[in-house]
Each structure stands twice: as C-alpha cells, then as structure tokens.
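Look at the two complexes coming up: chain A is in both, with chain B in one and chain C in the other.
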Partner chain A sequence: MAEYDRRTIEELVDGTIDFYKLKDMLSNFKDKNRFETYLSILQERVPWSDPILLPVGLHLYIVQKQDGSRIVKCDCGHEFCDEKDNWKLHSMIHVRDTEEKMSEIYPKLLAPDPQWQVIREYYCPSCATQLEVEAVTPWYPIIKDFEPDIDTFYNEWLQRPLPIGE
Partner chain B sequence: MSINLSKKQQALSQLKGNPIGWEGKTLKQMRQDMDEVSRSTGHYAGLETLPFKEANPIRYEKIFAKLRGGVVHARETAKKVAASPIVEQEGELCFTLYTPEADSVVTSTGIIIHVGTMGAAIKYMINNDYEQNPGIADGDIFCNNDCQIGNVHPCDIHTIVPIFWEGELIGWVGGVTHVIDVGATSPGSMSVGPVSRYDDGYQVACRKVGQDDTLSKDWLIESQRSVRTTKYWVLDEKTRIAGCHMIRDLVLNIVKEEGVDAYKDFVREVIEDGRRGFINQVKTLLIPGKYRQVSFVDVPYKNLNVPPYARLDTIMHAPTEVTVHNNGKFEIDFDGANRWGWHSYNATPVAITSGIWVMMSQTLIPNDRVNDGAYYASQFDLPYGSWLHPDDIRTAHSYSWHFLVSAWSPIWRALSRNYFARGYLEEVNAGNANTSNWLQGGGINQFGEIHAVNSFESSAEGVGASAVKDGISHAAAIWNPEGDMGDMEIWELAEPLLYLGRNIKPNTAGYGKYRGGSGYESLRMVYGAKDWTMYFMGNGYMASDCGLMGGYPAASGYRFEAHGTDIKERIEQRLPIPTGGDSDPDYPEYEENMDAKEIIRDKQSITTETVYENYDLYLNYLRGGPGFGDPLERKPSMIQDDLNEGHLLPRYAEKVYGAVVTQNDKGHYLVDEEKTSLRRAEIRKERLHKAIPAQQWMESEREKIINKEASVQVRHMYAGSFALSERFNAEFTEFWNLPVEWKLTEDELEVPVFGAKINKNPS
Partner chain C sequence: MARRAQILAIDAGGTMTDTFIIDDKGDFVVGKAQSTPEDESIGLLNSARDALTYWDTTVTDEFPKLLAGVYSGTAMLNRLVSRKGRKVGLIVNKGLEDFHRMGRSIQSYLGYSYSDRLHLNTHRYEPPIVPRSLTRGVTERVDLFGNVVIPLYEHEVEPAVEELLEQGVEAIVISLLQSYKYPDHERKIRDIANEVIQRTGKKIPVFASVDYYPVRKETHRTNTTIIEAYAADPSRETLQKINTSIKESGATFDLRVMASHGGTISTQANELARTLVSGPIGGVVGARYLGEYLGIPNIACSDIGGTSFDVALITQGDLSINSSPDMARLVLSLPLVAMDTIGAGAGSFVRIDPNFKSITLGPDSAGSRVGVCYEEGGIDTVTVSDCHVVLGLINPNNFLGGEIQLKPERAYEAVKTQIAEPLGLTVEEAAYGVIDLLESQLRNYLESMILGKGYSPSQYVCLSYGGGGPLHTAGYIKGLGFEDVLVPAWAAGFSAFGCGAADFEYRYDKTLDLNVNDGAVDEEKVQAGDQLQVAWDELIEKVAVEFDKNGIERKNVDFRLYFRMQYQGQLNDLEIEAPISSFRETQDWDALVNAFEETYTRVYAKAATSPELGYSVTGAIVRGIVDVAKPRIPEEPLVGETPPEEAYLGKRNVYWDGKYLEADIWEMEKLQPGNRIEAFAILESPATTFVIPPGFTTYLDKHRIFHLQEIE
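Entry: the complex of A and B
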C-alpha cells in the first residue's frame, strides 16, 4: 500500500508534481489516507471555516453549516444552495448560441454549429470563475452532475465521523 | 495432445449424444447452471470463498501469470503474421481465454472490447445447440462477425477454437482482428454508406469454417471472394488461428503440469476474484451516489447519397446516469437514449457494455485482471429500441464507434468527479476525443490491385486533460489502449496517398486550466492510383464531449478536399505546392499555392464515396481532447509554450485565456504575466456583465421549447427519446415546467419516419 507525505499531495493539488512521481502514483495501489490529507489541505486553503465534507469540483465544496445544513459553497465564499439542489441553477450563465459567440472561442470551422449544439458556461456570481461548461443541444435540461450519498460514504465506506463545525 | 481422446473417439462420443461439458452436462446446462448459481448467491459460480487461492496463493498466481503472459505473447507473435498495417502496426487484435460457458478468464492487450463480443458469440453457439449440430470437436475452427450475435461492427472478425482435454471441453479461445475491408457498400473497414444490415458487408454468423485445425476449402473460396482486400484477409485469418492455437497449447501444457482439476478450480476462482477486485476498486476510488452526464453526436444525412428514408439530419443522444450503490455495485443507466436510425452508427448491447470495460481497463481497473468478474459486479440499463439496443435486425453497424466513443465520454467525467472528490487527482480525465476523422476509400491502388484503405492514424488522438496536467497530444484512442498513429512510410505503402504534411492542429484541444491533448492533421495527395474513391467520417456540427469543471470541449470537425488541382504542373515547374497543416481554417493558405477546379471546406464531416484523381488533396484531421478547469487559471508560461509549439493560435490566447501576448524579433511569442493578470480581472467583470442568472435564462429557454423553436435535427432527437422513455419525457416536462398538453412526436417533424412506426419498446 502506497503512502504519500502531505507535501506530495500539495504538489498534486498545485499541479507541480514531478512527472515520474505522478506516473508512479498512477501505477501504484492507492493510498488509504489520501482523502484525509486532501481534505485538510483544501480546508487550510479556503478563507472560511465551515468544515468541508466533500469537494464537488474545482473551487466548489459541500460544507457543513453550524445550523446543521449542508450547502454548496465556492472557495471565494459564495454560498450557492443546499447540497441536494443543483448549484448551476443558482449560478450566472452565458450561452454561446450564435456563430458570433462561438467564433470568440474557436475558429469558425472548428466550432460547433449552434443549430445543433450550444455551449453553456456557468460562472460563480461572486468571483466569476467558470465552474462548468456544458456542450448540449438547445433545450437540454441543466444537468445535475453530482449527487453523492455523503452519510453512507463517511459512515460505511470510510468508517470515520463526519466533520462538524466548531 | 496424446492424452486427449482420439478425434475419432470424440466424434463417436458426440454422435452418441454424449455431452462435452463438465460432469456429463451439455454446454447449455453448464451455462444455465452458472447463471442461476451466480445470480442466487451473488458470487460467480457460487464461490463465497476462494479455497484454491487461499490455500495455494503462489500456485494460483503462477497459473495466472503463465496464462496472462501466454495470451499477451500469443498476440505479439501472431500479429507478425499479418500484412495489414491495421493489425501489424496498430495492434488491432486481441486474444481471450474463456470457460466452457463463455465467461472470460484472461485476455491479452489490444482491442479488448472483444472480451465481451467473442464471449457473446460463444454463448450464441451454446444457446443454439451447436453441440448437436454442427458439433463442437477438438480441432474445430469457428468464425463470427455478426453484430446482432456478438460484435461491434462487421470488420472485426472472430476466430474461435474449442479446447478439449480427454474428450471434455475445458474452454475456448477467441482471437479477433480488425480487417481492412469486409465487402460493404463502399470500400474500407468502417464503411459510411450502409444504412441497413444488408449494406454492412459480408456477415458470418458463428459458422464452423474448419475441422482438424484446417480451414475448409469452400470457406476459403467464399470468404476471399466476398471482400476487396483478399491477401490481407487471408493473412489476418492466419494471424488469428496462430494466436488461438498458441493459447490452446499453453492451456493444455498448464493442465498437464497442474492437473485438470486445478485448472478448473482456477478458472472459476479467477473470475470471482475479478468480481471482488472490481468492487474493491469501486469502494477505493468512488463515492456512493448518482452521477449524470450526457453526450451527443451529429448524423448529418439530409443531403447524403443514401436511400430516401435515411435522408435526414439527426443527433444521437447518450444520457448517462452512473449509480454507485452502497454495496459497491456499479450501475450505468442510459434511459433517454434515442431511437436507432438508418445510418451506420447503431450499436448492440454487447458493444456498449464490452466497450465500457475497455475504458474501465484504462481507469477504474487499470490492471491485468480484466475478465468477466467486473461484468458480474455491474448492471447496465440499455433501453430497447434505442441506438444502443435496436429492436430491429435490419440495423447497420459498420461504424458503431461514431457514437460509442462519445457515449463513453460522460462516464469518464462521472468517474472523474468521484476521483476529484476523493483526492485522486492523478486519475481525473476530462473525457476522450471523438476518434476521427477516418480516412477510408478504395479502388485500384498504386500496384494495380483492387484495394481498400482505412487509415488508422485515428489511433492517436488528443487525450482529455487531467486535474494535474494537460492531456497528451496526438497520443491515443479509447478503443485501443495501445494507440499508435503508425509510420507515414508504411501508410504510403498501404495507400496511394503521399504525405504533404503531418502537423499538430492548433485549437483542437479543449481549453482549460489544463488543456486537452491536441489533435493533428495529415495532408494527403493521391498519387499513383488507377481509380480511387475516398470519403470522410467524423463529427462536424457538434463537439462530442463537454470538458470538465470549467474546461471547454475539444473543437468539432470539418473537412477539406481539393479536386482537379494544378499540383502536377507546379511540381514540374518547381513551384511551391500546399504543404503542412491547415493551421488556421479561418485564413486558409493552401489555396495560395495551388489552383483547383473544386475546393471544399465545410462542416459536413460525413460523406459517401467521392472520386479522387491523382494530385487531388484530402485533409485527415484527427481530433483533440477536452479540457479541465477555468482557462483563466492557466499558467502564462503554459500559454506561451502552447503558442510557440503550435497548439494555439495567438488570437485565442487573448480571447480565451486572457493572455497579453507579444512577439519578439525572432518570432517567438511572449506572454506578459502582469498584464495578463490585469486582463483576466477585466474578463471576470465582463463575464458577469454578459451573463444572466440561470433561472432567468431558463424562462426564455422555456418559451422556445413551448414554441418548438429548434432545428429539425434537435427536435428529432428529443422526439426519438420521448418515444422510447416515459421517464425521460416526464423529467424533461418537469424540469421545464411545461404544460401537460405539450408533446413532441416524430410524426410531426415532416422527416422520414420509416421504421420508427414499428415500435417494439414496451413503454
């Protein structure tokens, strides 16, 4: 069973990890304590103190609030919604649905045709980070990507207590 | 072989109706018993413990290592028999060992999707009483390429050989190669012309083609007269037989050394071991819950030269819901997938389930224990009547991969969200490229022979970005974990097409904090052909992935072809000719160095056969991979490298990445970090200025839906999904809060509905 020190996991998070170290990591068995180390690194870096239960994506977390609720929160501090809700419904959206908007990001012949497909960009309303991009047909319902069962994950799979606020 | 009953004794035994299975059972009984005991106990073969492995772990691993090493060795050796560059260069072959019931025990490297398809073909023979007629005997050789029995597309030809020990069947070995041509309506292994099974080419339905290790003459004659590339066909078949016989010898030697009972115990336990290993991986890497993604691909047939009922534009739809159950069971539900169509891109259940294991072997189970154990730990829900489970035997499958590769991209993203959440960032992959274009065609080649080609340059596409680094450029294809673009010199021998360029294709990688791997492009000039046709096959109007966590999808496709050029005269006069890449298709340069009667540059990236004369041009553009993370977070030094290495056009460094770029007197691009930081802050403000709250946007989109404002192809896709799935229809209606009377049917679209009337879907 592999084990990695905190610094290695920090390098992984920062994308500065040495290629051969990364390759060994890919080839090796997984380290059991990764989640704990990872969570503690992320918690240390965010500017707020709500305990992180689970990262949802780059910059997004499900956190435990003191009132017992669980919400989706951006690392800038913006609070989106309850974890059961779809955070995208509470974001700012920009839809590339014309040739002109598509050609801002791709040469014309390399872009999807808006008669077939649109590109939907979801931004954090506070820090304007682009948190997700969907390339879908017009009319497509906003996708709820991630619906984890946090209680089963902690209680049965990790067999460790859920983080609780101070 | 001396320990075996003589062939005569065995034949006599079977004539008397004696079963060839274990404990006096027929194979059909064995299959039924295995299904029942595995289902009722939840363990493969009812094995709640692994006594052989636990008592003799070294011996167990030794047998595994011998078998695994042996099948890999057989593949590496046998492929040298082939002349086809698809097999010999690209490694488009695979060998798998099965139990008597057709559960896979161990597989080689290569196109391991066929672990499942060859197993399905053997199960078909078992269920159709091949044991009685035509009989299954030592030395027999069977062949299959029928998709509805067990295949992805007809160009993957299976050779299947039974393995006997003392008159009892102890297993099967299957070998598969991707042949260059299968006699379909147009030349090339994955023909675009077919719209029904009867256009797909030569179909061999689990046929006994040889006895006593010798191919039947009638088979040799018929099969070779049914395809365009006879010599490649012959050598591919010899490749498959050589590999199968090497593995048969390997198994018999292990049985001699270890005893047949030990071998039988081993093959049972190794599958149960695989099942447990898969669940262990699920619990190590994933999180219980539900994960949803989607992908699409365009089928632009409205103006294509196909039968009238096939002439419509439509979109293939793959909504994917992955459920990770509390007990580690893994389920993938494709509910909402739309109807099959009159095109070449339908798939069979075994193609999609087996293909998912190819993908899994590159991510969730990246080890050599790929066998049916993982299958027993999983569940697939594949809607009947959809493109991945047609309810009509007439469907064509010649290029199933057009959507299979895209339909799996959502699964990468679903898994990657899990890896990301658990901190296994090294495993994150934003998705896979649409593995196209496919340069195919044929005619009379530079050697005066009837010929067909399928350039497997598409074995090397851009890989999706990870959460820690960029995707690898022009590197791999999901369907063959050993992807390789092949040597230009070999392709020039195999095809009457000279290379005028092979370059990285800028802006094909999905942008992001980490970009996808870039695609590439080859400019080919027809040279030396006596007569020649070619066609294009790839996505054009749509990107077939999404990007992940703020990254963009890879670019979509287009085609470039030029006919009636003056390149011959230019060469004679030593004038410049088009070379290199079509780097910026908004500002084309090839035309500056040639005149041509016809130049086509458009998004119609699927075509049927077009005649090409010598000195005509064809651009083979291989796609990039999707990106990860917000592009505004990409390090300026990485953008600078992208510019200087040809991955990115300067104007998009500014527009997409917010980079402030200058060029020094040597033409080297420089990105100013400080100015870039300021520019990015402005772009963030601009984003919030141009964006609107999602719920406000939903109101305007809802109005468009109520008024049915969308192109026919978009409406046709939804109508095909609604027709098959009440659940998808209800969820759509609920999400958009549509009036109950709002309906959308295929009939109202004024496009051909031929075949759609026969709705065998129970819902």
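Entry: the complex of A and C
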C-alpha cells in the first residue's frame, strides 16, 4: 500500500508537486492516511482553531463549532452560514452581464454574448478572495454545489470519530 | 572443444552492454559489461571478451571467424527519452507553426495502462522536441491532390533560415503539408537553406521530410524527421566508431544495425531513426527464420520478460507491419514489426485492491530488481517472481545461472503479510492464485489477439521464448488448441538469435492515392498501375542506392514489391506482396485486385468483400534483401525417449493446485534430442526455467526445440 510523507501531500496541496510523482500517485491506490494528513495540513495553515471537517472549495471549509453547529468558513475566518445552507447566497456576487464587463477579462469578440451567458463571481465579504466562478445562462439559479453527508463519511467510510460527538 | 564463432549480436543498453556470440552449432554465450556511453566500442569489446571466456578463447582468436555482426541498442532511444539530442530548427507552413507543439491527442497518454487512459487527470503532453521559438513558417500551400494552391514564397525562406542559424540550431528540419504529394517545395527550401548555411560557413545538416518519409499524416512524418535530425543522425558517428573498432579487432564484415521493419541496415543508411526501436522485435524475426526453416507458415510468438508480455503473429510466413507506431510517446511514420503488449511480466507488482479485496497485477513492475526475494534490489512490494519462489517453481540458488542469490524466506514473508493474510489464504494458496491469475490474463490476451485479427489459435503454432516465457507456457496455452507449442532450448537468447537471423534488408514506403472504380475501363486500370510502377521504380532506386554504399550491386539484391490497398472509403488498408514483378497491362491490375481480395477474405470474411465500392491503392513499398550469414539451427541425431541420467538433478517440492507435489528437476542443456519428459517436471537452464505441469508432457526434437503437449 502506498504511503506518502507529509511533504509530498503539502506539495500536492500547493500544486507544486512534480508531475511524474503526481502521475504515480494518481495511478496507484489511494493511501490510507491521506485524508488525515491532508486535513491536518489545511488545519495548520488557517489562523483559527475550529476543527475542519471537510474542505468545500479552495478557501472554504466546513468547520465544527463548539456549540455543535457546522458552518462554512473562509481562510480569513469569515463565517458564511450553516453547512446545510448555500454559502454562495451569503457571499458578494459580481455578475458580468454586459459587453463592457466582459471586455475587462476577454479580448474583443472572444467573450460570450451576455444575452446567452453570464459570468458570476463569488467573493468573500471580509477578505475579498475570489471563491468561485460560474459561466451560466442568465436565468440559471444559484446552485449549491456540494451536499456532503459528513456523519456517514466519518462513521462508515473513514471509520474515525468526529471532533465533537453529536 | 574448438568453437567456430559465427554471429555476433550486440544489445547495448543504458547501463549494460550484452553480447551474444553464436557458434555454428547454434550454441551461444552471453557476455556482459558496463556500457561506456562516451565510446560504446569499449564496453562492447569488454562484453565480447567476457562472453568468450566461457569458451576459453579470446576476441583476437574469434573475431576473424565471425561471419556477421548485428547491433541493437537503446543508446539512441535514451538520447531521445532523456532529451539530449541536437538543437533542431523546424520550418513548416506559415500559420501552422504550432502543430508540432500541439501533437496528436493520443500522445498525451501513449504508454499508459488502460485505467490511466480512462483517467484524464493523468494525461499530459511532453514538451515538444522543437520548441515554438525554433519554429519558422514559410508561405506555400499544396492541396491533398498535390495541386499548388499558393506558390512557395521563396523570399521568406532565407530570413527564416538565418534566424534559426542565429539562434544556434545544429540541424534544420523542413516539413510541409501534403509534401508527399508534391515534394518540390520542400526540396526548394532545402536547397535554399543549404546555400544560406554554406554562405555562413557553418556545417549544419538539413532534413526535408520527403527525402526520408514521403508518407501521409504530417504529425507522424514531422515527428519522425525531427527524430532523425535530433537523435538518430547524431548516433551515426557512434555506430561507425563501433564498426571501425570491431574491424580493428579482426572482424571482416560491416556491422549492421537492427531496424524496426525487421531487417538489418548499414550504419551508412539514409534513415537511421528506424534503428531506435529494435530490441523487442528480434524474437519475432527469429521466429520467422525458424518458421521458414521448419516449414511452419503461421506462428504466434509469445515472450514474457520482466515487465511485459509481447505477442506477435507471423501469418503465411510474413510479419505484420504497423506503419504508424509510436515511440517515446511520439506518433511516427516508420514501419515497425507489429506487436501487442500488456504490462504483465515476471517482475509485475502484486497488490490487493483495498476497495474490492481482489488481487491486481502490475501494470508497473520491479524490472531487473526481481522482487522482495532479491534483497539488493530494494523492492518491498510483492512481485510475480516472489510467488514463483514461494511455490518452488524457480530455484533461488540458480537464478540467472546463480548470478543473483534469491532469499525464499523474504518472498514467503512478503506474500504472507501483503497477500495471504489480507485475503485469509495460506501463503501457498495466495502465491498459486497470483500465478493462476497471471496465466489466465495472458491466455485471454493471447486468444483475443488472435481472434481479433480474424484467425483462430488452431491455425497457429505457438512459440514461447524469453527468460520468463517457458515458465508459464503451459499455463497460457492451456485449452487454446494451438496446432503445436514450441519452446526452443535457447529460449533465453532467442531475441539475440533473432537479431542474428535478420536479413540485410532495406524497406521504403511511399503514400499513393490511386482510385479505380468497380468496372473501370482498361485505360483507368493501366493508368493507376503505371503510377504504382513509377512509385516502385522510385523506391527500388532508393533501396539500390543504400546497398551501393556497401558495394552491393543491384543484380545481387532481391527486390520484393508490395502495395497497400483498400476498398474506396474504408479506413483500413492491407499490405500485400504484389503477385507481379512489374506492372505492364490490364491483367496485372486484376492480379493485384485478386491478391487484395484473397487477403481481405482471410483477414475479415468472404462475405465482407465489397468490390462495388471500387479500390484504392494507398501505398507502394519496396523491400530489398541481400543474403547474409545467419545462425545455424541445430540439428542433432535423435537418441531415444529416456533422458540421460546425468541430466537429472533430483526432486523438489513444488506447490501446485492445492497440494505439494514432487517435481523432477532436469538440466535443460544435458537433455538429448528425442527425450520425452513427463509431468511433473521442471527443466532448468541458467537463464530460463521450463515448467511441465500435470496434464502436460514434452519431447525434445532434433533441432533442440521442445514440443509441449497437452494430455487429453
């Protein structure tokens, strides 16, 4: 069974890992301790101490609060909402729905027609980090991307206790 | 006993140089020495010296007796894979400067296992051999029929070449769209480039793709011409140095190099890129030679090495050729002996799938590091070889002739903790399960390969060779119903034997597009035939020029004409030897069509022939062959069924299908022609092990070839 040192998983998180090393990892069965190592690296890098249960984006985590609730939290410490709720609805949203706004990021004539497609950018209200970008039709609802069943994941898949019991 | 060394075959690898010296009785010795990349001839002579010590003789004594020498090596391939070739500049059509960089999408996953091919995250393009900064465009355009749509803007060539020279390129490659249809523009650019280079006083070779590979598919053609300039041409000097050095040691022949089309070529050959991939085809070439000698037209060749299982078919005495193979993750337009490979060999890693608790094999392997049982190899994952050791199939004290000491207790412990315990099996059951799984994978693969090509195993004789082949032959042929199953006593050296048995042969290909409808009038047939003949003449000339470099006259060359044909609009063509010696009249066209339909019927089905679609000739091929000395196939008088006592080495406990059995151990070299060996037996030789499991029997024929038979 493959096993990797902490340094390798850090490189993986940072995206600085050598491709051939990565290819070997991708082609192999997943190492048993990966999630634990991965989570502890993420935990070490955030300035707050609420235990991370699961990452839900590049800068977002579902964390366990002392009072038993589970909320979505940003790198910077901004707390969005309960994990059952859609964090996107609690963020700052910038919609590029005119040719002018499109032209800020696309060369002329290479942008989508805003009547057909708009670009929605989601930002953290505290640190202004871009958290997510969607290219969708203008009428498209704001979808919740990911609805993890954290209890089953911990109890049955990982077989590992949750940081705070139910 | 005085030896008569006959053939020298050299396999120069990245770390070790192996030499095989074959005598007139088919006996051979293998020598090994460290490769010496700065001057390969040093390693080669050390290796030959090492080989000849087994015969108590020396290079000075034996080299003058040699009749031929064949080189195959990975030095060139290493130059390519490790990207240590020349700095090459590329001139293409203006507007298409990125096509080499973009490549074909298949190049992003070539060489991957099936699961990785499906797993897109693993796909990746290697950096191009010629970077975009060394690529220049020149305006011109030729359509696919060979008509000039935009003439060549000659005034653009000079600045393009000058810019490349300023950047310090060491070679220039020219490749234009459809140039195989209209070569003039590429040649014009080549001539201008040569003038510019001459003016600057530099000495830089220029490679126009049409002078090398006048074939369709520009990515393939460009890649191949670039490799020629980047890695192959720079190796010419190395080869000539080796040639000089063996001549100084008394050899009287010109060294030949194994080439991908299954023949050997001179070090002075125009196209050297095809010598890059020559290693694995040696065995197939040897099988064809053996088949010719024994009168066996259809052979299924199977070879198990440390990392892979290779299968190739010889049908009606002919190898099949793949005209767009790949190498070092590049698609190429070289003729390569077609071979199918799966990543399952003696060194394949054995693991338990953590999700499904099933045994998985490979696709990665320990290669020369054997397995856990070889402590010095530093491997800690169980390999197939470890299972062999656990079962008692291989003798840990006689692996590679005792060169490597294996530790059975290490193998036992590793199989126990990694495979047996997680599955709740005994160690022997687990190891036997691994071997059983491997053999059924190989068997399925072999069968599907033959059935997939439209044939059936009962039409073929299966030939098994390589270091690991005979160990599993019985397992992977079981129940397939081959006409016969052969294991040459020199199985381990069979690839080298094959290199020695290769013809001195050049093969050149040219793409054509000649369409003739069903029921066409005679004039159309003659017109198409005449164009085919023009292509053949051009290729004959090219072949003759090559042989001329070695002072071989045209009249001594056996020219064989081939063509590629398909039904109009179909995607796959067939390569067929022309039933005519030259094209003269309408009947000749009909003969070509008949030959095509006969082959089509054999490969697909009679009912699939579709003459109403009309015919396309898609290519002309010429092979020129010159007789050379080849290794002799041994022939000894038959002695009798009872093997001699001195060949008997005793008994060993071997675990087989649920219980320990006592197997007879025989020394392969001491068995005599005519001997029959009953199961359960293991035949050992320094470099291979041949297992005769229950349900099988074998006898050794007068050519020192074992026939393995299944008992009903």
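Simple rule for what comes next: the second predicted complex is superposed on the first by the 164 of 166 C-alpha atoms of A that agree within 3 Å, B and C clash if a C-alpha of one lies under 4 Å from a C-alpha of the other, contacts with A are read in each partner's own complex, and residues count from 1 in each chain.
In this section, contacts are C-beta pairs under 8 Å (C-beta built on N, C-alpha and C of every residue); 3 or more make two chains touch, one makes a residue touch a chain.
No experiment lies behind these values; they were computed from the predicted model shown.
After the overlay on chain A, what do you see for chain B versus chain C, clash or fit?
With chain A as the common anchor, chain B and chain C collide in the superposed model.
Output check: A:L26 vs chain B and chain C. Expected answer is one of first, second, both, neither. What do you get?
A:L26: touches chain B and chain C.
Does chain C touch more residues of chain A than chain B does, or is it the other way round?
After superposing on chain A, more of chain A is contacted by B.
Give one of first, second, both or neither to describe whether A:V46 is in contact with chain B, with chain C, with both, or with none.
A:V46 contacts neither chain B nor chain C.
Of the partners chain B and chain C, which touch A:C81 in the superposed model: first, second, both, neither?
It touches nothing on chain B or chain C.
Where does A:L162 make contact in the superposed view: on chain B (first), on chain C (second), on both, or on neither?
Neither: A:L162 stays clear of chain B and chain C.
If you stack the two complexes on chain A, which partner ends up touching A:Q130: first (chain B), second (chain C), both, or neither?
Only chain B; A:Q130 stays clear of chain C.
Determine, for the stretches 273-281, 435-443, 633-641 or 651-659 of chain C, which one clashes with chain B when the structures are superposed.
The segment of chain C occupying space taken by chain B is 435-443.
Where on chain A do the contacts from chain B and from chain C line up?
Common interface on chain A, chain B vs chain C: 19, 26, 30.
Can you check the complex and tell me which residues of chain A touch chain B?
Of all residues in chain A, those touching chain B are 9, 12-13, 15, 17, 19, 22, 25-26, 30, 34-35, 37-39, 54-58, 88-95, 104-113, 115-117, 119, 121-123, 125, 127-149, 152-153, 156-157.
Can you name the residues of chain C that touch chain A in the complex?
113, 115-116, 119, 121-122, 124, 351, 353-355, 364
State the interface residues of chain A toward chain C in the complex, per the touch definition above.
Its residues touching chain C are 1, 19, 23, 26-27, 29-30, 32.
Which residues of chain B touch chain A once you look at their complex with the stated criterion?
283-285, 287-294, 296, 298, 315, 317, 326, 366, 413-414, 417, 420-427, 467-469, 507-508, 511, 513-514, 541-543, 545-547, 549-553, 555-558, 584-586, 601-603, 628-632, 649, 652, 655-656, 684-685, 687-688, 690-695, 697-698, 701, 704-705, 710-711, 713-714, 717-718, 731-732, 735-736
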